[in-house]
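The data blocks that follow each hold one structure.
Next, two complexes with subunit A in common: one pairs it with subunit B, the other with subunit C.
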Partner chain A sequence: MTTAALAHNASTKTALIDLLYRLGDDSLIIGHRNSEWTGIGPILEEDIAFSSMAQDKIGHALAFYTLLHELGEPDPDTIAYGRGPERFRCCSLVTLDIFGDGKSAPPAALSNNPVRDRVVAQGDWAISLVRQFFFSEADAVRMAALEQSAYEPLAHLARKLRGEIKYHTLHARTLLPRLGRATAESRDRLQSAAAALYPHALGMFEPTPHDATLADAGIAPAEPELCDRWQREIAPIMDGSGLVFPPRSSPVYGGRTGKHLPELTEVLDALQKVYRLDPTAIW
Partner chain B sequence: MSDTQWPVYEVFHQASRGEPHVHVGSIHAPDGDTALLLAKEQFGRRQACVNMWVVPAEAIIATEYEDADLFEHGTDKSYREAFGYETTKRAKAVGDREEI
Partner chain C sequence: MVQITEKWTNDRPGDAGYEERLAAFEARVGRGDKVEPGDWMPRDYRDQLIRLIHVHANSEICGALPEGTWIPHAPSLKRKLALCAKVQDEVGHGQLLYRAAETLGKPREEMIEELISGKAKYSNVFHYPAETWADVCVIAWLIDAAAIVNQAMMAEGSYGPYSRALKRVCYEEAFHLTHGYDMCISMATGSKLQRDMLQDAVNRWWKPIMMFHGPSDKESTHTTLLMRWRIKLKTNDEQRQEFLRKYVPKMINLGIRIPAEWEMRYDEKNRAWLYNEPDWEEFKTVVRGNGPVSAKRLETRRLSHEHGRWVREALAAAAEGRKIPLPPTAYATN
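On to the complex of A and B.
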């Protein structure tokens, strides 16, 4: 089918819209999570690099939401700020907070930004780095496949984002082997993060009822196929960093059908706080 | 006070192929590859860039400022100053403009 036909056929259009929500919501939420480190990341240069990647992901979300708008969905701001958690289609990996085992004792508020106070007091950089590793490698695999998508606007976008995503993978590919082999503490932190995050990372590839439609129409490969490619990419990097996969991991699913962890509600409360004050305000 | 940070790398940036690499600043990093990774976001994100160099600052051998008089001319030698390079650049800019 041509691009125009894909956008008009009811079943391919529904599947395409679902795919674009998954892509956009993953980008928006990981972008927001990573931006929680802005200004307080470890070392100045890395703070800037990580914040810049967070900006990239917010930009990718806008690009996917713009494609949705072209298919008749609401405008990008309404998509990002006007939906409750049950209408988001992101995976659980991107929603997780960065507190690891430090969940028990939130510190007293130091400023008017309780999220930031908590990141300063309890944030675990290893969680963010390993999440960024798992996510960016999946992003690269997925977007490389989408460069061949039969839906040309999506293929065009995938080609346009290639360079930024290449940097995102280079970032983790550079830092992970160094930190994995630096000190016992750095290795242990990364290994704990990898063990905790891996089941959620597998959940990035939650199969959906639209997989077959998308694959048959040449819009996107089925999720299990992408998961195989991703695992082949990350295995040697994990190994080269002295990290091992947790045994018998079962994937955490649910995000692609709107069944989320409570963390997503926390993210959206922060992300949508200002918009909710007055949705009709002009910026 | 001694510097307790990572080594300093000087960063050079090339705006397009064939142009000279221009010094744009310096960063701290534990090694060359990490220096390139971090330099990309420090210096590559606000201007066009096709290529970047990082050089360990300690690898640079420099003159002393107290020897700046080494470069002064005792007599008028303006006839051999390299103004031609600037002229070439201006000529190229005019040419580029006229092509459009």
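On to the complex of A and C.
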């Protein structure tokens, strides 16, 4: 299926646009979140790794937004910078902040970016790492499925992104088993993070009213199917890292219909801060 | 002739055989040979190099702070990608340079702790705050440009591992410069708001930039020895003039004004910029840790190092094969 073919099928086009917003917004927000660590990571090597994955995801957002633009949506920067939270379609997992129990000392004003100051003072890197693990595994499952998408531009893009996403999954697959079993502190931190994040991770697969249309058109599999595949991927890695799933987790939904955690407003205020000074300017 | 292979013994003036070794060492360095970690070298040479590389590495990771703070605010996807990549490079430079200093016997952990305690210095420019987006543009263009003048010179220096690290650093810095210049062009050719932001940033940054290459040759204490041992190949003033000759005309072309109090003027005959000399006492005060945001920079580094402790400890345990017992439920898949 090509872009031109979609012109004749309004409901398929609407469903595809919704899917691309979900993919693009997840990519942008997790990229933004991971780049909050750039320059202040726990160890230089991981500082670099998180920056690199952040750039990949921001690049993926740009690619998905470009597909949207080709379908008649605004240009990529306007999509990223010109929307309020109610129009974002990202899941809560990528939106969440990383302050855990908030037991660390409250932030001092160390820069003119209060979110950054809070990451410095209270950021729990274990949360970022486990989030990255859950997300990149889902990303890999999703992209593998989309490589078969009937919408050719999306299938083409999915194949292009495979290599980078493979590196993201490899990063967590290498680190988690090492850190999860290294010290009592590292195990506890990762276990708490896994327990807190798991319901949000399930929320990555929030069913949408477009699922059936997308599946029927061969554009993307339905979300519950992807969720099953994802769980089969992560279970052995959790086991091998000494991490257990929290009992009885109900998924946190809402993101796919624009009902977000309050954190998203904070993320967008930071993201769009300079842009909003003059949305017509070329920066 | 004394073979320069014994590592780091009899390396101080007065030690047996020191003078002969020194003569051979200096002859070798004078020929442009590279000194390698396994080679004999005067203790002073080693100490000076550790000091310089340590300060340089510290500057890279402290330099990541003012710009890193602005990654979340970058106003377009392209700028966000480029800024994140740039700051990542700077952290990578820190990693590379700490490793070069480690070849001289000083562990990274110790160097980072000396930075945090305020014992070791970092570049004067990173003691100042990045207040607006235009500051990020000015840092990436002009401060990286000033740094390239210094690093390209140091890359020709006599110590092999430092020289090789700097070759790679310079390669990446070229991209930073393009990114910085491109941002400044957008600002300088943009709306009035953007042009004013840019000029305001230059007004605040010009003093630290003029001080970047260090005290004037009349005041600098280290230069002579460093040049004899080919650690450093140009004086501070020579580097500053090289930077000014190359970038002041570009700034003028973009309509950027240099603050009047500097009375910048070009001396055609000597091909040199003349200006009112910076207050070098102020420079020394700043790099000793009394700049506008020195305390905040170190507090940021301290907190991030502190919060990373569990990661470093766990990675060390894993590297040694230490494992804690698995909780009994761990193998019960859900």
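Here is the rule we use: the second predicted complex is superposed on the first by the 272 of 283 C-alpha atoms of A that agree within 3 Å, B and C clash if a C-alpha of one lies under 4 Å from a C-alpha of the other, contacts with A are read in each partner's own complex, and residues count from 1 in each chain.
By our rule, a contact is a pair of C-beta atoms (placed from the backbone, for glycine too) under 8 Å apart; a residue touches a chain by one contact, two chains touch by 3 or more.
Everything numeric in this text was worked out from a predicted model, so none of it was measured.
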(message) Tell me the contact category for A:171 with respect to subunit B and subunit C: first, second, both or neither.
(response) first
(message) In the overlaid three-chain picture, which partner chain does A:46 touch, first (subunit B) or second (subunit C), both, or neither?
(response) both
(message) Applying the document's definition of touching, compare subunit B and subunit C: which contacts more of subunit A?
(response) C
(request) Kindly classify A:10 by the partners it touches after superposition: subunit B alone (first), subunit C alone (second), both, or neither? (result) neither
(message) Under the stated touch criterion, which partner chain does A:58 make contact with: subunit B (first), subunit C (second), both, or neither?
(response) second
(message) Let me check the overlay on chain A: which residues of subunit A are in contact with subunit B and also with subunit C?
(response) 43, 45-46, 48, 52, 178
(message) Looking at the complex, which residues from subunit B come into contact with subunit A?
(response) 27-31, 33-34, 37-38, 40-42, 45
(request) Enumerate the contact residues on subunit C facing subunit A in the complex. (result) 61, 64-81, 84-85, 87-88, 90-92, 94-95, 98, 129-131, 133, 183, 186-187, 190-191, 193-194, 296, 299-300, 303-304, 307-315, 317-318, 322-324, 326-327, 329-334
(message) Give the list of subunit A residues in touch with subunit C in this complex.
(response) 28, 32, 35-36, 38-48, 51-52, 54-55, 58-59, 61-62, 65, 76-77, 80-81, 104, 108-113, 115-116, 120-121, 123, 125, 178-179, 181-187, 189, 235, 239, 242-245, 247, 270-271, 273-275, 277-278, 280-283
(message) Taking the touch rule as given, give the residues of subunit A at its contact with subunit B in the complex, in rising order.
(response) 43, 45-46, 48-49, 52, 167, 170-171, 174-175, 178
